[in-house]
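In the two assemblies presented below, chain A is common to both, partnered first by chain B and then by chain C.
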Partner chain A sequence: MTHQGKSVVRRADAENALDGRAKSTAIVISPSADVLETSGAYLLMLDMPGAAKEGISVAMEGESLTVRGSTERLQNNETEVLFSEIRSGTYLREFTLGRDVDREKIEATYEQGVLTLRLPKKESLKPREITVR
Partner chain B sequence: MLVRVARAPRLRSTISDIYDLEQSVDGLFRQFLGSELLPFSAEYPAVDVRDSGKEFELLCELPGLAKDELKISVHDGVLTISGERAAADLPEKVRWIRKEIPRGSFSRSVKLPREVDASGVSAELHDGILRIVLPKSETSLPREIAVR
Partner chain C sequence: MALIRWSRGQDLPAFPSGMVNMQREINRMFDSFFRTGWHADSDLEPSAWSPATDVVEHDNEFVVKVELPGLSKEDVKVTFQDSVLTVRGEKRQENEEKESNYHRVERSYGAFQRCFTLGQSVRGDKIDASFKDGILTITVPKAEEAKEKQIDIKVR
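Presenting the complex of A and B:
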């Protein structure tokens, strides 16, 4: 069983047009994400199993935040693949940031195959109560 | 909505919008046609099985799971991986914007080839990938017979 489905190949071509560094055979995987808001920050969690920590990049440009990662799985030629469901390739997903995100304070952690981004809100825009004197 | 995700419609179409659109179209087809006709399996978690000659290697995608949230058992020649991916540990007041990550309990069984030495099975979990090594039993390994 292979994962060289038509739609996957087309996705890879589009990725090539975007970024010449990608190999022609690279498969682009859009990682599943949870996004939520707390009073002080936004939290973004992305399922990126098998992505080496060193291979993950979080880039900001204008309003957009782009997450990339590569799954450098043990591609051993000595082994024979009997059954294959796990997609191997490049993780790529883009998000648009709101103006209230403090870009200087974004934190990223990668644990158990999950990338967590904490996007704190700007102090000046946080809701606050004003005491009546 | 203050954090806008790329899937939301926008005037300037980006590459990621196209990927996302394709994924949702794929999802629709999968609903109508069933998973057999499409390249991706709907089984959870996704599994790879390889044969390296001396042993079988099973890889399983399990992001967000800790070692102790996972159970692996071998019974009557069937390997079962089960566990529960708990809800994220969050502060009390949160507003969900997007919830795509599957959570809850799962179980998946794989029938082992007869020649596996069940007592020698080992497993490790690293970066959300579970790797189980199943050594082949001595009797099933190829060997040369000397002519006397």
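Presenting the complex of A and C:
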């Protein structure tokens, strides 16, 4: 069962997935992610604090699932920044989906700065027990 | 400048230059490498992780922003005592579904604490905190006497 999950996140680095939509000057942030597998689905949880819900997009193309989001930061010259650790820029991360994911049923929710993607497994591929008669 | 006790070595100015960003990136890489164990963020208690923070000074107030994705206001406690603003809390690894395997855990969990010593006199009773999209914003108004006043001096 654990082996199936590896295919979901074969390549998780998204830096090379930058396309024309992301400005070349913007910093690309690869959000931290947890990947969890249950008997019925995979769960992806991505830390994307400060991203506006409207600005988050989840796109699927072929085997890849791309998550994008942008943070809004104040650009006020009348303030003095005492220290700055929060990175501002564009969130971008790409995942490769395994064949067992039912692409039609993927759900996404954004709450408290965390994007949760639920990737249900295909019914036909779910483990099932066969009764011995 | 009114903040002291800052030890992560990341106090780089927020210049929009690529070089500084690169420097920050490198610092962060080293930081995240060394931060895997118990990390003493303050003199008081060790923290399991240290949320990224911005502090900005306005004319009338300081604004502290702390990145706390996945936490709700019930998980966070903000206190102010003896000029020290403390943000503490705990992020628990919640698992609703019983039979599950983790394939990848990159997000930070556990207790954290960050302290900020405010050297300038502030109005402790007027500190306000709000939570939105995983970012805790704390507004600390300056006391009247601490506001910089411009005085025009007549040249005779």
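Methods note: the second predicted complex is superposed on the first by the 109 of 133 C-alpha atoms of A that agree within 3 Å, B and C clash if a C-alpha of one lies under 4 Å from a C-alpha of the other, contacts with A are read in each partner's own complex, and residues count from 1 in each chain.
Assume a residue touches a chain if its C-beta (ideal position, glycine included) is under 8 Å from a C-beta of that chain, and two chains touch if they have at least 3 such contacts.
Because the structure is a prediction, the values reported are computed rather than measured.
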Q: Could you tell me whether chain B and chain C fit or clash when both sit on chain A in the superposition?
A: clash
(Q) Of the two partners chain B and chain C, which one touches more residues belonging to chain A? (A) B
Q.
I'd like to know which partner A:86 touches here: chain B for first, chain C for second, both or neither.
A. both
(Q) Applying the document's definition of touch, where does A:36 land relative to chain B and chain C: first, second, both, or neither? (A) both
Q.
Under the stated touch criterion, which partner chain does A:51 make contact with: chain B (first), chain C (second), both, or neither?
A. both
Q: Report for A:68: first if it touches chain B alone, second if chain C alone, otherwise both or neither.
A: neither
Q | chain B versus chain C as contact partner of A:27, first or second or both or neither | A | second
Q: Mind working out whether A:119 is in touch with chain B, chain C, both or neither, as first, second, both or neither?
A: first
Q) Do any residues of chain A touch both chain B and chain C, and if so, which are they? A) 2, 5, 8, 32-39, 43, 45, 47-53, 78-87, 110, 112-114
Q. Hey, which residues of chain C end up touching chain A in the complex?
A. 1-3, 6, 8, 10-14, 21, 24, 52-59, 62-63, 65, 67-72, 95, 97, 99-108, 131, 133-135
Q. In the complex formed with chain A, which residues of chain B make contact?
A. 1-6, 8, 10, 14-16, 18-20, 22-23, 26, 38-41, 43, 46-53, 56-57, 59, 61-66, 88, 90-91, 93-102, 125, 127-129
(Q) Which residues of chain A touch chain C once you look at their complex with the stated criterion? (A) 1-2, 5-6, 8-9, 12, 27, 32-39, 43, 45, 47-53, 74, 78-87, 110, 112-114
Q: Write out the stretch or stretches of chain A touching chain B in their complex.
A: 2-5, 7-8, 10-11, 14-15, 17-18, 28, 30, 32-39, 42-45, 47-53, 73, 76, 78-87, 92-101, 110, 112-114, 119
